[in-house]
Amino acid sequence: MGEEFLVPIGPQHPALKEPENFMLTVDGEYVVDVRARIGYNHRGIEKAMEDRTYIQNLYIVERVCGICSDSHMTCYVQCVEEAMDLEIPERAEYIRVIVAELERIHSHLLWLGVAAHEIGFDTLFFYIWRDREVVMDLLELISGNRVNYAMPTIGGVRRDITPEMEKELRKGLKILYERTEYYKQICLNEKTILQRAVGVGILTPRQAVELCAVGPTLRASGIKSDVRADDPYIAYDRIPFEVVTYDWCDVAARVMVRIDEVLEAIKMIEYCLDHMPRGPIRVKVPVMMKVPEGEVVSRVEAPRGELIHYLVSRGGIKPYRYKIRSPTLGNIPAVCEMLKGGYIADVPIVLAAIDPCFSCTDRIVFYDVGKDKRWVWTHEQLRRYGIEFYKRNRGEVR
Amino acid sequence: MSWEPVITALEIVLFPGFLFIFCYALFCEWVDRRIFARLQNRYGPLYTGWKGILQPLADFIKLLAKEDITPGAADKAGFTATPILFLTIPMTLMFLVPVLGPRAIAAFEGDLIVVFFMTTLINLVVFIGAWSATNRFTVVGGMRSALQMLSYEIPLGLAALGPAVLAKTLCISDIAQWEVEAWKSFLAHPTPLGVVTAVVLAFGFALFTLGELAELEKIPFDIPEAETEIVAGWHTEYSGKKLALIRLGMDVELIFGASLMTALFLGGPSGPWPIPPAVWFIVKTLLCVVLISTLRALFARFRIDQVVRWMWKYYVPLAVVYMIAIQALAVVI
Amino acid sequence: MGILTWARTRSPWLLHFNAGACNACDIEVLAALTPRFDLERFGAILKGSPRHADVLVVTGSVTRQVKDRLVRIYEQMPEPKFVVAVGSCACAGGVFQRCYNVYEGVDKIIPVDAYIPGCPPKPEAIIDGVVKLLKKLGY
Amino acid sequence: MSVPEDHLKVVEDLKKAVGAENVLEWSIPRERRIFVRVKTEKLRDSVRHLRDVGFKHVSTISGVDTGDGIDVVYHLARGGVSLALKVRTDYEGKLPTISDIIPGAVLYEREVHDLFGVVFENHPDLSRLILPDDWPEGVYPLLKKWKIEDLRRRLMGSG
């Protein structure tokens, strides 16, 4: 077994929008081993949340991750409301679902564009991101900001959806529906995309369950698991929707799952708009409120997968302990399996396929396949043949 | 004291020579970027000069003024030689292609073979430059560009030899002239044989364009500098003046490719009388640049193994079939 | 030296570096390059390698882990180089002030030429920041 | 809120499998949420039993510094039901790893080790994960005894 040739992807790399560092042990064009080192984004959020009041924490939780900020907000707010046994008006629940689904559309379209960029199809990237501006305008219309919309708050929702907004929303959604259908056709029969996506980054259903994968990565391996359906929160039990699954188990399946989820989300928003109950949107809550003692587990289906928050409160105005586990972390052992045995050229697209969001992930870090340490449970022995590469270059990362 | 040497000296330096190539290369880069941007529904360079036309010039001057870093571990010779060679080779090749009149400045029998030898040399130079930069990304980029070169070089050569065999000469300028006469005679009295040759030559043109795309490392064959995988491929480590030369070299390679396409397939710089040949040359090469740029915007990037497999499975057999058709025609004509 | 400043201000090549940001600013930087805003009108392209770049666009309050990577990237860039801090985290730590793993602001690590506040700043604000930086250089 | 029978059944089965005296306390605050505290020695058996019953998905493992020791909470999930299995260990305490029972848990164990200092025996690779490389040994930031100010002074001063 000769010396392998370490190719660092990151921490600064055009493929990755965020700093994570994957040390790929490669051999010619094949990836033999993956050793990842994240932790670049670790800002010590959980410690900071322990000495801020519940209202102050609203602003930190929202900025754990810029793309799924609303999921973190909904999860946090739901957690505190459950601890305080607070009932929020039904209209607020519907508005929260609308904003959550709009964010899913925005996050999936963003991801689709970046994935197209990963395989070098920049034209599709620019087209998708141009159409994504429609969603950003809708979000700006409702909440006043393109990202970090701060709609949910403890006790309900901050801003109401007026009839004019509703008209605007419906118009925007119709455009989005057509465009997403068009992109679905492209992704299904554009040969150059299929060539880079079909059969790439395989994750068998058994591996997916065993490695506790979550979200679209899990559903692309044929397993029907979605927190909105299994453990419905806010208004999801009153909204008919269908959990999208594909059983191709590869990158193309993950593309299709996300596109169908965008179409599903659009239908859900239209359903919500039709059945929006009247009434107040918020229940008044004292700013320095005390949360009674207890512990709460709150789960939400973020665009990237199951997001879980765990609150332990000792009856003060500040949480005693607040634990956040973001969906991307759940998928990292799975991505490590997918990367092995593939090409360097596939690394960006396979990595992008789990839609990594390392700003959330830096709650916890990564799973380390040591080159020299064989692991009890590494599945099959990797095919190894080394060609002799010298390793004297100065850039050798520690 | 005859004026001959002075005129040729002037020609070399000024019109179809360095100054013209330099300006035309930058102009073609602007055209390329604008079309690429327009196809992506955005503007592209707009504010430098009229409609952004001076943008490539601004990039070039800025790069000249930047600090030029040579990595400590790189071996100096290979690292500094590469940019210079990368620019001069396409520049010299430009003199083999007819620009001003029907004959190129340095046209001689067999210059088509020289052209192919030199283009392979470019890839060799790229490999040396990549290897000497000792940065992992460049090494992988250099390997890929060599790998890719192996797969497209032969079919490209075959595609170019088509017209040469028909014209029974290996001098590019003569091929261009032969085409012009063939075209005139065909227009005079169209024969079924003429139609067949036209179809075969058009097929050759398509093959040649595909080969050119791979040679110029444009998407979908831009794997050696695949931005998302290996940062900037083989020229990751270059900066400042060296990078300026490399980028200019790429542009000159672009117009050389385009002018080769016009000379071999579109009849070189000659056209109906009122417009001078030089303008015809510019019109035709611009057409080819626009073609390359649109192709560049329509595809995703292939993986290196797919390119190699696809080239050997489809591209080489097609080129061989094309050659057989050409030989059959040659016998008949 | 009019021609040099003219050239330098007409083609600012960007290099994006996420120093521990929540990637809201990163997607806005990316949105600034897409058809609706299109920074390429000013000649700005997103480059992959620090060797090619003039302007380092940094987002996020610098975490301890990413500090030496940021310094190394900054040193790899050829002179004359400029740094733009995008987002209130990059300007002064933002909402993550007083967190144990965070240097509050990019200017504590490398010199910064332009600050673009906002959480996240809109693409228009980012473009305005880049244009102001160019004006500062004599656009 | 009526307590669904199948949640009760889960707790009963666990008691049968692990011995009733080892299940110290349990509570079902609402539908699809179960909290169970188990004796530390019985951790692996409970996890193995729960996995066979269907709790194959480890959502996460959280550490809680309760003042007189560290509560390690294993959040297991079966479809919609989320079961929090709590185990008490003291500071710098030792716990057996469960990554051979459920491979997906290895990451979460490394975080708890990084931030709380709990050592997981025969864990495949307990190296540093989330904290920066130059983080001083033995400093576990999420412990209550470390206040943010002195963490910052100690780190940023040396940082």
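The chains carry the letters A, B, C and D, assigned in the order they are written, with residues numbered from 1 in each.
Going forward, contacts are C-beta pairs under 8 Å (C-beta built on N, C-alpha and C of every residue); 3 or more make two chains touch, one makes a residue touch a chain.
Note that the structure is a prediction, hence the values are computed from the model and not measured.
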{"item": "A-C or C-D, whichever has more C-beta pairs in contact", "value": "A-C"}
{"item": "Taking each chain's C-alpha mean as its centre, the one farthest from subunit B", "value": "D"}
{"item": "Length of the line joining the C-alpha centres of subunit A and subunit D, rounded to whole Å", "value": "24"}
{"item": "Separation of subunit C from subunit D, taking each centre as the mean of its C-alpha atoms, in whole Å", "value": "40"}
{"item": "Between subunit B and subunit A, distance of the C-alpha-averaged centres to the nearest whole Å", "value": "44"}
{"item": "Per-residue multi-chain contacts in subunit C, two or more chains", "value": "34-35, 48, 63, 65, 98-101"}
{"item": "Residue list for subunit D, restricted to those that touch at least two other chains", "value": "131-133, 141, 148, 151"}
{"item": "For subunit A, residues that touch 2 or more chains besides their own", "value": "13-14, 39, 42, 44, 47-48, 126-127, 130, 362"}
{"item": "Interchain contacts, given as pairs of chains that touch", "value": "A-B, A-C, A-D, B-C, C-D"}
{"item": "Sites on subunit C touched by subunit A in the complex", "value": "15, 17-28, 30-31, 34-36, 46, 48, 50, 60-61, 63, 65-66, 69, 73, 94-96, 98-102, 119-120, 122"}
{"item": "Of subunit D, residues touching subunit C in the complex", "value": "131-135, 141, 148, 151-152, 155-156, 159"}
{"item": "In the complex, subunit C residues that touch subunit D", "value": "63-65, 67, 98-101, 103"}
{"item": "Subunit B-touching residues of subunit A, taken from the complex the two chains share", "value": "5-8, 13-15, 29, 116-124, 126-127, 130, 190, 192-193, 195-196, 343-348, 392-395"}
{"item": "Interfacial residue positions of subunit C with respect to subunit B in the complex", "value": "3-4, 6-8, 10-11, 34-35, 38, 40-43, 47-49, 51-52, 54, 76, 78-80"}
